[in-house]
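Structures incoming, each one as structure tokens.
Here come two complexes built around chain A, the first alongside chain B, the second alongside chain C.
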Partner chain A sequence: MGEASVVVQICWTALSTAIPMILFAVAFSLVLKVVKIWNFAQAGFMAVAFYAMYATYNLLQWPMWLAVLIGLALTLIASLTLEPFGLDVLRRRKSPHLTYFILTLVMSLFLAAFLSMLFGTEPVPLTPEIMSPVKIVGSIVMSHWDLRAIAVGVVLLLLLHQFIIRTRDGQYMLAVADNAELAELYGISAKRTRIVTFFAASIFITAGMWLAGTRGAINAHMPLQMLIFAVVATLLGGTGGIFTSALAAAILSLIQALSVLVIPSQWQGFVLYVFLFVTILFFPKGFNVRNLKLAAILGKSARVMRAGQG
Partner chain B sequence: MEYIVSLLVLAGLYVILSSSFNLIIGYCGLMSVAHPIFFAFGAYTAGLLAIHADINPVLAVLAGGLVAVVMSTMISLPSLRISGDYLMITSIGFQLAFLEVIKNIDAVGGGSGLSNIPNTISGDGRSATFAVLACGTALLVVLLIRWLVNGPYGRVITAMRDDELAFAAIGRNAMRIKVSIFAIGSGIAGIAGGIYAYYYQYLTPEKFAVHETTAILTMVVVGGMGSVWGPAVGAVLLLALPQLITFVNLPEGLMASLQSMIFSSLVLLFLFLRPQGLFGPTKRG
Partner chain C sequence: MMKCTRLSRILMLSALVVGTALSASFAWSQAKAPLRFGVAMPLTGSQASYGLDFVEGTRWAVADINAKGGVDGHPLEMVVLDTVGDPQAGISAANKLIHVEKVPVILTAWSGVVKAIAPLANREKMLTLSVGASSPEVAKLGDYVYTVTPLADVDVKAIASYSFEKLGKKRGAVLYLNNESGVGGARTFRSAFEKAGGQIVAYEAYDANASDYSGAVLKIRAANPDVIHVQGLIVDMPQVIGQLRQMGMNQLITSYIGGYYPKMVQQLGPAIEPYMAPNVAPGPQDNPNIPGFIERWQKTKGRVSNALPYTQYMYDSGLLVAELFKWVLKNNLPVTGENMRKALLAIKKFDFPMTGSMEISEDHEVKKPVYLLVVKDGKFVPLATVK
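For the complex of A and B:
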């Protein structure tokens, strides 16, 4: 019984701590789906969001809600600088994929270095106090941070879902994701849709960094490691699958947390990289439930055939 | 004088690294950020062999190159099977994963680094010998790459990079070329790592982190992707740059950030204003 409650506690904590990662994975896969780039600059935007909130809240001593708004505004400015002054220039030049990779990765490294120069290399938390009050429900300890994270995650995912299926801009995002040139023929502005996409991604990035920063200390170089998690989740969820990436991030976080039961804790981070290689080796197009069903049916037919031959 | 000679050693090593990276990224069009980790494989292999096996240094350096070749094949085979995009992603994961491994294994020195690598050349001429060795190897590498890309194999690489579909349509195996070029480039980086280990006699995981990727990438982009001599000139130019900013007298952590900021802004500037770099062929985006 005691062991079962430990496992449930680990699962609960893993689920709540996965929320920032889920938000980063959604932002990453949304941009990949609509803008068609592996946006490694997102790590830089994550650092911008965090330090904008940190400076507003800790240095200017302004309220947290204002810090979050300023964080969102600066993240949005950084994202929108990338689109017209970076990606659009490369699109017009018909640059190879390699150039997009270099641009997004180097932009991320530039922002990380710039913010390290401004705020130092020591990790800092967003709020001086990172411990939050706890409630005990049954035998499970739930902190206020856990509840807040889950609430923010659920609300944002529901809002995005409704935005995509119910609003015109959301439908345009799907159209541009499907075929940008055809969408333009039907009068949809791909440029505007990309800006809307970056706006939506910025909300997820800022919310994720707010949650991550109120839970632990962060420095400018850590977002790149966090982004790797989002990339693995995006690959596992199937590139372009926004909500499947979120699900993959949750499952990945759960497995990573449960791994402490079988491997030393310092290797917990390594589990993520193992997943990256396993995904690329065995599930390059994502972990698709329909494929699993097909594999099960094929396996069953093969067994029936072998039995018939026997 | 000793300082200038030690800079020459570093220049030689960075010419090897940037030229081998240029082979992968510039000629073959493959995007990988894991070049420093192959440098690390070479350095750690040579360092560990020197400490534990008392092996001939030349063999230890070659073993470092071989380990880098094997490891590079391990990541390029599964990822290139799908697409070049996956190589980029795998290479980031590979770099971060192996840095994590190095930091957590005490046998390779852990986070505090691998020390006590024996000194193979002692006396006053130590640095000068290493400078000749590093610069000589760098020259050999540049000439080898020039021979490789100017010959029939080079035309095959260019054809594959420029139009892979047409290349496959005439019955050529693009995957084999990519894997072998990636292995050659990484193996050369491994050899540079071996020389580095013997010269500095101390290895720390931070030396092979992501900021090192920025440095090497900057050398290639500034010098000119897809040109033989460009990355070599880029390496020398960009090695001189940090020496100019040492007078700012910042703490070491901030100095690394300043250097990384300068390097990344140079890449961004060149990417938009002069994508072909200082010496690269035109018509490259």
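For the complex of A and C:
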């Protein structure tokens, strides 16, 4: 296997493995954009999605498609309880942002503890076997799981894009994201729009957990760790950028995977946190083309100034 | 007259009540005080599937001992606390066991936890018995820390040298989890394999939170090893080995005692083969007590333990603690960590039903035969015994 094919293999596997994380990042940034909260309860919802599917498929022995639907339904119910019983209450009280963060985090921890009590703490996969057959295309190994993940990711992202630009509800989401009060004045129900947003996010969460659970074992506490990646991608993509978050998640996965070619593998885990640190400090509004241009201009100006002083 | 009779009846009744109470109190104070020891294991978290089974093994030993009258009439009692498999939580648990529960000895596991507890155990003179932590550094953690299971030095060394000497594998690769459990075992395999005459052609780590190992796997593939040693934990090893196989690596994969995990065989199916893992506890064919122990698991839990070899050691560790208490009481010494340690060094040689004989050595290690098993048709079967 030549060097080029090693790089292509790493890129392929990194991208396909990143699909669940991309889906989680999209769900997270969608809620952030429209509902305007950093929804750390998403980790709890991810755990609900997983265990709902796990219980339906493994314990009730029902078909997988039904397990996914039940997973989606329960995730949506969990998401929707947050709005009237949590977020709405805080909005009416005009609570500070920190309170929203605490509420959502506590909800995640509560759900994780509750699900651990019900299902135990041992990580379990969604299906008894996690190995999927492989195809060799060129010299690149592609597993059936890889192909499934890429297909699910692409289809869902396309559907979301079309939903936002072509449907009324999608347009309402953009309006509420822009200015909820003004949208209300125009007769758009912000409450209904938030429900639609949570519904869309639940689809992405359920799909992501289905993919993650068919590839490896999960327990109730692992989604919180997975969510950190989604948060980093959201920050990198710019808060408010749904598809840029997805792109950021993909690029971050690629960089993390490819980094092993230049740094010792023991340091790979640090790459994510280095990106988080740099982003928060230097690109708090996200890393985009304008930042790159600005950085280039600043760099050029600094060089000119130094040359002038010399 | 009637008043006098009523008064005397009241007095008699009162005397009867007081007398009964005093007798009961006297009888109760004569029942021997329980002998308490601590068990600090992951009861929650990703390692709980092992931790809970560990505790169950010791619980059976305590029940069996108490059914026979305890230790010289004293019932044995365990105080179980959760470490989550995390060093920080381990320190909290140890603090509580020392200062609140005031136990003289604890059983614990997981290399990171044992290392974290060690300074506290040494300072407070609480005897700490490690059951299953594999890092070779566990033997160097101070006067009050002993392992009752062989360290990675033993099982990993055995598998490394067997792979080279008997199976003819000349080029080895190591893929390890970048934490306390992985680093120590990986170093041991590398050193033992090279000492035996082999060459380590790749030595790669992966992060505990990773879900994609393709970079490290491809580096290993490029090195073209004959054998790949994986040193991880039960939560990540199935995915790591799965990815190795999917990338077309059909070489022998070996692991340490933690890789003796029947559920992983189920998750990976036939793709796991060829796979070899060591066991430092005797199997049913090596020890006549094991079939009954396995049957007890089936009857009690409806399954065989997730970590059968470790639970054998945990059962025997309950018996070990009882022996130590017995020695201390026999010598009319106060039950303290210091005296429990004296007992351990004085008795030195033990013979246990589930794991055979054990000798405490000066270097704080135990030497045991290593039973090598391979996966065939979805089950672990014995391959060889390395003494």
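Just so we're on the same page, the second predicted complex is superposed on the first by the 286 of 310 C-alpha atoms of A that agree within 3 Å, B and C clash if a C-alpha of one lies under 4 Å from a C-alpha of the other, contacts with A are read in each partner's own complex, and residues count from 1 in each chain.
By definition in this document, contacts are C-beta pairs under 8 Å (C-beta built on N, C-alpha and C of every residue); 3 or more make two chains touch, one makes a residue touch a chain.
Because the structure is predicted, anything quoted here is derived from the model rather than measured.
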Quick check on the chain A-based superposition: chain B and chain C, clash or fit? clash
When the two structures are overlaid on chain A, which partner does A:Gly269 contact: first (chain B), second (chain C), both, or neither? both
Identify the partner contact of A:Leu224: answer first if only chain B is touched, second if only chain C is, both if each is, neither if none is. first
Of the two partner chains, chain B (first) and chain C (second), which one does A:Leu105 touch, if any: first, second, both, or neither? first
In the superposed arrangement, does A:Thr13 touch chain B (first), chain C (second), both or neither? second
First (chain B), second (chain C), both or neither: which does A:Thr121 touch? both
Which superposed partner A:Ser259 touches (first chain B, second chain C, both, neither): second
Part of chain B, among the options 19-27, 91-99 or 109-117, whose backbone runs into chain C after overlay: 109-117
Contacts on chain A seen with chain B and repeated with chain C across the two complexes: 116, 120-121, 221, 225, 266, 269
Can you list the residues on chain C that touch chain A in the complex? 44-46, 48-49, 178, 204-212, 214-216, 218-219, 221-222, 234-235, 238-239, 242-243, 245-248, 266-269, 271, 306
Which chain A residues qualify as touching chain C in the complex? 1, 6, 9-10, 13-14, 17-18, 20, 116, 120-123, 125, 128-132, 134, 136, 141, 143, 212, 215-217, 219, 221-222, 225, 253, 256-261, 264-266, 268-269
Can you list the residues on chain A that touch chain B in the complex? 38, 40, 89-90, 93-99, 101-103, 105-107, 109-110, 112-114, 116-117, 120-121, 221, 224-225, 228, 231-232, 235, 266-267, 269-270, 272-273, 276-277, 280-281, 284
Enumerate the contact residues on chain B facing chain A in the complex. 25, 29-31, 33, 78-79, 81-82, 84-86, 88-90, 92-94, 96-97, 100-101, 104, 210-211, 214, 217, 221, 253-254, 257-258, 260-261, 264-265, 267-268, 271-272, 275, 285
